[in-house]
Amino acid sequence: MADGIRVSFSDVAKRYDLRVVFRSVSGEAVPGKVLVITGPNGSGKSTLLSILCGLLRPTRGEITYHEDGHVVERDAWRRHLGVVAPAMAVYEELDAMENLCFFARVRGMGPAEDRCRECLELVGLDPDRRTPVRGYSTGMAQRLKIAQALLHDPALLFLDEPGSNLDPAGKDWLENYVGGLEEAGKTVVLATNDRREMEWGVRHVALAG
Amino acid sequence: MWRWLAEAMAVAAKDLRTEFRTRVAINSLGLFALTVLAAVSYTVGPYRIAAEDRPFLLAVLLWIVIFFAALAGLDRSFVKEEESHTAPLLRLAASPSAVWFGKLVFNLLVIYMLMAILVPLYCILMGYTIVMVWEFVLILALGGYALAVITTIVAAIIARALTRGALFSVLSLPLLLPLMIFLIQGTAGVAEGMPEVVSSTVRAVLSMGGIMTIVSAALFPVVWSD
Amino acid sequence: MEWIVPKLISEILKWVLLVWLAVVIVAAFLYVQPAKSFIGESSRIVFFHVPMAWVAVLAFLVSCVTSVMYLRRRNPKDDIRASVSAGLGLLFAVLATTTGAVFAKIMWGAYWNWDPRQTSITILLLIYAAYLALRGAIDDPERRASLAAVYAILAFVTVPFLVFVVPRIYWSLHPDTIINTRGANEFDSRYTQVLMASLVGFTGLYVWLYTIGCRIETIRQRRRQEVL
């Protein structure tokens, strides 16, 4: 089994023309641990997450992915990670099964119907797998996003307020699941303001805002 | 290589599926094309243009309708991803070249579907007689491809801008004008039966399509990833 | 003291440019006789129209090269160079089009007939306008720079088709003498002297405006953004 993925970032800063989001953020996410990123609203938690998973370029700073002792190229990052975020949506016109099969195909897994159903069952969406996502409640849509992130069994997970829109049973399930991920040696980066979610991790990065 | 192709086809299939369920692009393109066709047919019709001008002028009108219909709807596949916020997950799941090729295939199919309906209708309503039919089909196919390649990369560019509006047309037109000129000449050539014009058009459109394919495939990752 | 020498040289060059262009303008009207195949004095416009068109194309070339450089090195200076050159290119393209239209009216009675050269300069104008419109539509400087660079390269790739292929197919009203060596016989040596001098002068003018523009834009960017 692989060692897992370690993400280290140093002196990361992001500016949008005139607005500075944050100036210098450093930290490290290691396998088997949850790195929690906290900060007031607008402090740039989601921005930092986007930078760490490779969707945005930082204005300054270095982000390195280490796997089994060697460095992972930026182009290859996306194969090792799954993301759940409020600003990232799944396809409304498709149903859950079609969404997951699409993501599986596009990741080079083929249609992988068995795997898709497995993920849907995991998040409790299997009965609704043929309903268009447009008709989902926010909680169901959130579960689908979680299923999408887990589809390819990534070593690295970025979770941006993953418990939002989930009912209490859902939040319990998620807490358990993240605990299981830690034990399995996965690397988890969690951005949150939720008091309970903040407890999931020992290591913290606090953004000033 | 086949995996990449399968990934690209997955993107194209997904776009086709969502498009058939919402029918936005098809409506924009289709309605535009049919409305303009009706207007042209009504005002100009099969009789108003003198016989010696017909091959050229009817070619002009045909390609104007096709190009502007394309500009009405082909930015959809990229703009929609950004507007519905589905683009980030797609960026994380798919390789950029698979996205580019998949969306290119989608745009190409839309153009061909448009042509399949519009061109015969146009020829019938306007009384456009084509002497070299197979060459005409070839010109339509090659021209449609070049149109798709150019509009795909431009759509990818404007999807990442703030105010999209007319930007798609503004950016596409300078790149499309030379293509349009070649296609009009070539179509006039097939209508009249002038092989030399046809062969030079085919060569020009083929090389334009080829070069734009290579350049846009190389530049797409820059546009798609931040 | 080293920085004084380059500054001195550029000061001198500026004055040389001024004198050069003044001489060219005077020569265009007094030193040369109008060419025989042109109507009246209209051949004099060539001394200005051709260099302007040349600069419009040169500016485009510079824009594209700096765009490629930007995509490779991601140096903001290259983006500044590309945008400044595009702005100048637009200016000279408009000037070339206007002088060309005036010339066309005198020679052939109509301001515009869409012959290949007129078509090409129009498309160049549209490209510049589109490029600047794209820049205006994006806020984030880095994204603006890379998307603009991509568009500049795309536009550049379509240009060979315009310049070389379109004229071959179309019959042209444009005097081939401008580029064709065949026409060298038509004009006396004075004509070519002034034309060449004007080309050099206008290129110098472009370089001067380009340098100033880049400096202004660099300062403007520096003032806008606080140091991170």
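The letters A, B and C name the chains in turn, as written, and every chain counts its residues from 1.
Basically, a contact is a pair of C-beta atoms (placed from the backbone, for glycine too) under 8 Å apart; a residue touches a chain by one contact, two chains touch by 3 or more.
Since the model is a prediction, treat every value here as computed from it, not as a measurement.
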| item | value |
| --- | --- |
| Closest chain to the centre of mass proxy, which here is the mean CA position | B |
| Distance-maximising chain from subunit A - centres being C-alpha averages | C |
| Pair joined by more contacting C-beta pairs (A-B or A-C) | A-B |
| Distance from subunit C to subunit B - Cα centre to Cα centre, in angstrom | 32 |
| Centre-of-Cα separation between subunit B and subunit A, whole angstrom | 38 |
| Subunit A and subunit C: spacing of chain centres that average the CA atoms, whole Å | 50 |
| Numbers and ranges of subunit B residues touching at least 2 other chains | 226 |
| Where subunit C touches two or more other chains at once, by residue number | 139, 142 |
| Sequence positions of subunit A contacting 2 or more other chains | 57 |
| Contact set on subunit B toward subunit C in their complex | 150, 153-154, 157-158, 160-164, 167, 170-171, 173-175, 177-178, 181-182, 185, 200, 204, 207-208, 211-212, 215-216, 219, 222-223, 226 |
| Of subunit A, residues touching subunit C in the complex | 13, 15-18, 20, 23, 57, 59-60 |
| Contacting residues of subunit C [partner subunit A, same complex] | 139-142, 224-226, 228 |
| Footprint of subunit B on subunit C - complex, ascending | 71, 119, 123, 126-127, 129-130, 133-134, 137-139, 142-143, 146-147, 149-151, 153-155, 157-158, 161-162, 165-166, 169 |
| Subunit A - residues contacting subunit B, complex | 50, 53-57, 78, 81, 83, 85, 87-94, 98, 102-103, 105-108, 110, 148 |
